[in-house]
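In the two complexes that follow, chain A is the common piece, with chain B as its partner first and chain C second.
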Partner chain A sequence: MHSKPKVIWIDAVGCNGCSHSFLNLSYLSSLLEKIDLLYHPILDSDEFKIQESDILIIEGALKEDFIKFGKKLEEVIEQLFIHSKKVIALGSCASFGGMFGEGLIFNKENYGKYYTCKNKIINLPGCPIHPEWLGYVLDMLINNRNIILDEENRPKEIYSYVSHSGCVRNEYFDWKVDAEDFGTKEGCLFYNQGCQAPFTHSSCNKILWNEVSSKPRAGIPCFGCTERNFPKVNLFKTDTMMGIPSKIPLGVTKRAYLTLAGVAKSLKNERLEQRLFEYEEINNKNRG
Partner chain B sequence: MKKLITKIEGEAVLNITGDDIVETVEIEFYQFRGIEEYLKGKHFMDALVINPRVCGICGHSHLIATAKAIENAFDAQITNKAKLFRELTLNFEIIENHIKWFYITLFPTQIKDKKYMFKALELSQNISKAIALIAGQYPHTSYAIPGGITSDITYVELAKVKNLINEILDKQTLFDDLEIFFANLSKYIGKSNNRFLCAEEVELSKIFEKKNQNQQFVTYNNKFYEVGPLARQKDNIKEIYQKYQDSIYSRIYARLFETIKLLEKNIQICNEIDLSELSYIKPAIISNKGYSIIEAPRGVLIHEIEILNEKIVDYNIIVPTQFNLSSSKTMYSVAQQAIMNEKIEYIDTIFKCFDICAVCVGH
Partner chain C sequence: MKETKKEIIMNTALTLFAKKGFYSTTIADIAKEMGMSVGNMYNYFASKESLAKELLMYTSKRFGDEIRKINEQNITSKEKIEKIIDLYFSMATTEPELVDYFMRVYLSNKEIFNNGCEGMLCVSAFVTEIMIFFEEGVRKKELKNQDFFVAFGLFMGYIGGIVFLNNDGVLPKPLEEYTKDVSENIYNALKA
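Right after this comes the complex of A and B.
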């Protein structure tokens, strides 16, 4: 592209969380200089109008009879879609419908309205979107590079990993030491607390949130927010069958996983069976 | 005349009469998502994931309100450590909200210069980072749960958090930029009814919420009240308030004052926290009703929950924007009064000085 690519960012049915999440991108100011941002839900731009764009970013879900700029949302989206070269379905709502409506290519259980145009669309699920994931996609598009997509139109460079990859609780997962309850840095959240990281396509623990952390690092189970069925019910509880997690890590058979888990559990890692360290009360000693 | 207002985390329409001066104004929000219905039948813990998605900018307030409403139903106790961490991260959300609102939402209504937006981003990214160090990520963490918090923070993270706060305090130029904003704008416009409400004084029985598709109607004691930073800080900025009353200047000043005050408060909290205390105490689950009333960035936020056999039977949310941006033909809300009798050219600035959240309204 000779001139700067024209970008329109439109918010459909959602919470604006993806807009705000993207504002946390550390190289946002230099990225914004490489594009011509015609409209954005939060950042200052010219008044909205239907016009051509090189990249159309749709944040939020589609929903019948939802009003946008005084018109029907679906008509606004359709017009923008027709006049765009490439479309990014941003966040889980636009990708799969999420909590509020329907996705562009996919819904939770069937195809979306734009399934037949899927070659034009890149899905970037996540609730909200990770700022660096969108930063990377925009950088690739600005430089006319090809993005390899998986069968759900997600960039493989981001979604080939699972959320589990790089988690600081991995040792506990490997040695089958579960967190007894919430609020400790020790223990794996996969067995009781509902963590979906071993089978959720995302790189949250490789490309850290806000460059410093992730939910499981802060003791919050992964809610599988990049997946088509987000949000499932009972998000803080592991679905089990006869005491065994009913969903197992991606890529292994249940039998292989159970064999390995059984061996790991029988060969104790004593270091992991106790707390890493404990703080002493500071009240009287240090404060006088 | 109909005027569409955008870039307020959604949109609103103002129906205005008058030529140069606004005679009457009605406010319409029309983007509803139905989160209260969505919650029904779900496990009460799921509300901790769903409710932050009410809003991309103040979702953490919805998380804290949810955890507290459930704790109220269970009569659950939390440690001082958990309480202080929640206060710390909620303060950060308020700080980030005010900085973004000032530079990104309000500034362009008067001054078109992208440099202010970049100023906001530089500060707000560090605030998000401080929250993430404690709560894993921002936006949309779910680290506050009934009984405390999920994270087991070390002094390593706290040292980084304190350093981030100090950097923000050193870099910020909020009050210089306030005067730049008012270079060609009267400080006396946008006055309203001088009635204020804070979370600590709210009695739930005095709240009235009329469920109406397009127009909001939330009163306290049958009157409209202003909620938010000016309500919280007016006694701390007495000279400004006495001079400018509840004008646009006082509203903005209160937000900036609160930003600095909370940054300083957060350093104090970091120094006070005793990490030897528990993060979480498992609560006893009972079927009951509960509620919470907290101060979100934009004012009083109320959550009410009814739990039966661990499932949500009923949920109700009242957000700050519903108080400030109510609309009525018979008695005028805080924002209606602020806009009426002012020049039409000031509408965008006066309207946005309330820091409106349309997605919150459309919960």
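Right after this comes the complex of A and C.
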């Protein structure tokens, strides 16, 4: 029998949000039994030391002259990196720099310090990461399975979807009916309220959070946290240019999208133009 | 083959509508002008109403295709404005029936188009290109970011109005001589 993979989880510059998110994994205890967790900032583990690992998880961003364990963070990461077989850049900070600093392979606009070692790194952006995304990657690595990555080193199994896939508001998106007020159950959040789901690579509406919900389902726009340019400003407002959303759904030309949107809006879906409960009432009255 | 014939019928209809007015022109008039039987005309268009809608899509596509060519050029928004206006005024001069149909039939007789041409349905080829022109102008920071319809109304209302004045014989100079000044005014109103 093979020995368990040795895992080191190091927290760089960040908020530990990904650690906390991971604690919500429904099968956390059984997953932990399959690994030898040498160090974790929150979970029980031995004292930190530089040592070899099969999987190095880096949570948080890199930053020059940041002190960690009494040493420069950069040197700690470098030593751990050299002595690891596979590296997971966990969360938007480690993947792209995010809120706090520099990413491993990428920064918001440039390449990061570890770009030349990118074959060893799997990016798992998200602010925080979905616990099941990390669960999936760890399971695949534990079982020596190949993980297919996209051009930003994100697993395609998770990030080839967009956050929009599976959103319960898709009917409103299709018929171009906006949610005019914050917090309503009806309406699409893409046109006014800043939702970035149609062009954000993630499976938030496919693999639900805590197995029950997602931001758009709960009435909050997708913040685009798995993308390189996260965070943008004005997260609750759609960027428009002459009234037209400045970013459009992936895979279509602007011309095609505007044509389709114009047709859908012109045809009007009356059921969706009003509150769902009110529509039922009118129908009942008519029937009565 | 049939499509070409359809186009000839549409162009004939446009000419007659411009000359006699939409309501005074019958399918029989168009057939007579074409040298076709009325029965054969109905093989191409089921009714005058369906002809009217197809004509709207046809004129919209004609405008849209031309504006698309302008949109795809690597020039400034200011230059694009002048080219779009030049296009519109040229079409109003060389194919007056096309512009006439758009303004006098479509915009003035919405009841014909309520069933099947609501909103953008039949004019999307044209409106989409204007949207793309505006959006790209804002993206390049050449045009001011404002409400689409405020800009659209200013643009189309203005040039439509000038063509109207021209058609009524009010303008003292030929239409194309207004291109530069009108373009300048529209640019000043839309620029960033």
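General remarks:
Heads up, the rule we're going with is that the second predicted complex is superposed on the first by the 276 of 288 C-alpha atoms of A that agree within 3 Å, B and C clash if a C-alpha of one lies under 4 Å from a C-alpha of the other, contacts with A are read in each partner's own complex, and residues count from 1 in each chain.
By definition in this document, a residue touches a chain if its C-beta (ideal position, glycine included) is under 8 Å from a C-beta of that chain, and two chains touch if they have at least 3 such contacts.
Bear in mind the structure is a predicted one, so any value in this text is a computation, not a measurement.
By the touch criterion defined above, A:L267 reaches chain C but does not reach chain B. In the superposition on chain A, contact of A:S246 is made with chain C only, not with chain B.
Legend: residue contacts after superposition of the two complexes on their common chain; A:V76 is shown touching neither chain B nor chain C. In the overlay built on the shared chain, the residue A:R255 is in contact with chain C alone; chain B does not reach it. Of the two partner chains, chain B is the only one touched by A:C127; chain C is not. In the superposed pair of complexes, A:F66 makes contact with chain B only, with no contact to chain C.
Considering which of chain B and chain C touches more of chain A, the answer is B. On chain A, the positions that touch chain C within their shared complex are 240-244, 246, 254-255, 258-259, 262-263, 265-268.
Against chain A, in their complex, chain B makes its touches with residues 2, 4, 6-7, 9-11, 13, 30-31, 33, 35, 38, 42-43, 45-46, 48-50, 53-57, 59, 100, 104-105, 108, 112, 114, 117-118, 121, 124-125, 128-129, 131-143, 145, 147-152, 154, 160, 274-276, 278-280, 282, 359.
Within the complex formed with chain A, the chain C residues making contact are 68, 118-121, 124-125, 127-129, 131-132, 134-135, 137-139, 143, 145-149, 151. Contact residues on chain A toward chain B in their complex (touch as defined above): 11, 13-21, 23-24, 26, 28-29, 41-44, 48, 66-70, 99-100, 127-128, 181-186, 204, 209-220, 223, 231, 233-237, 278-283.
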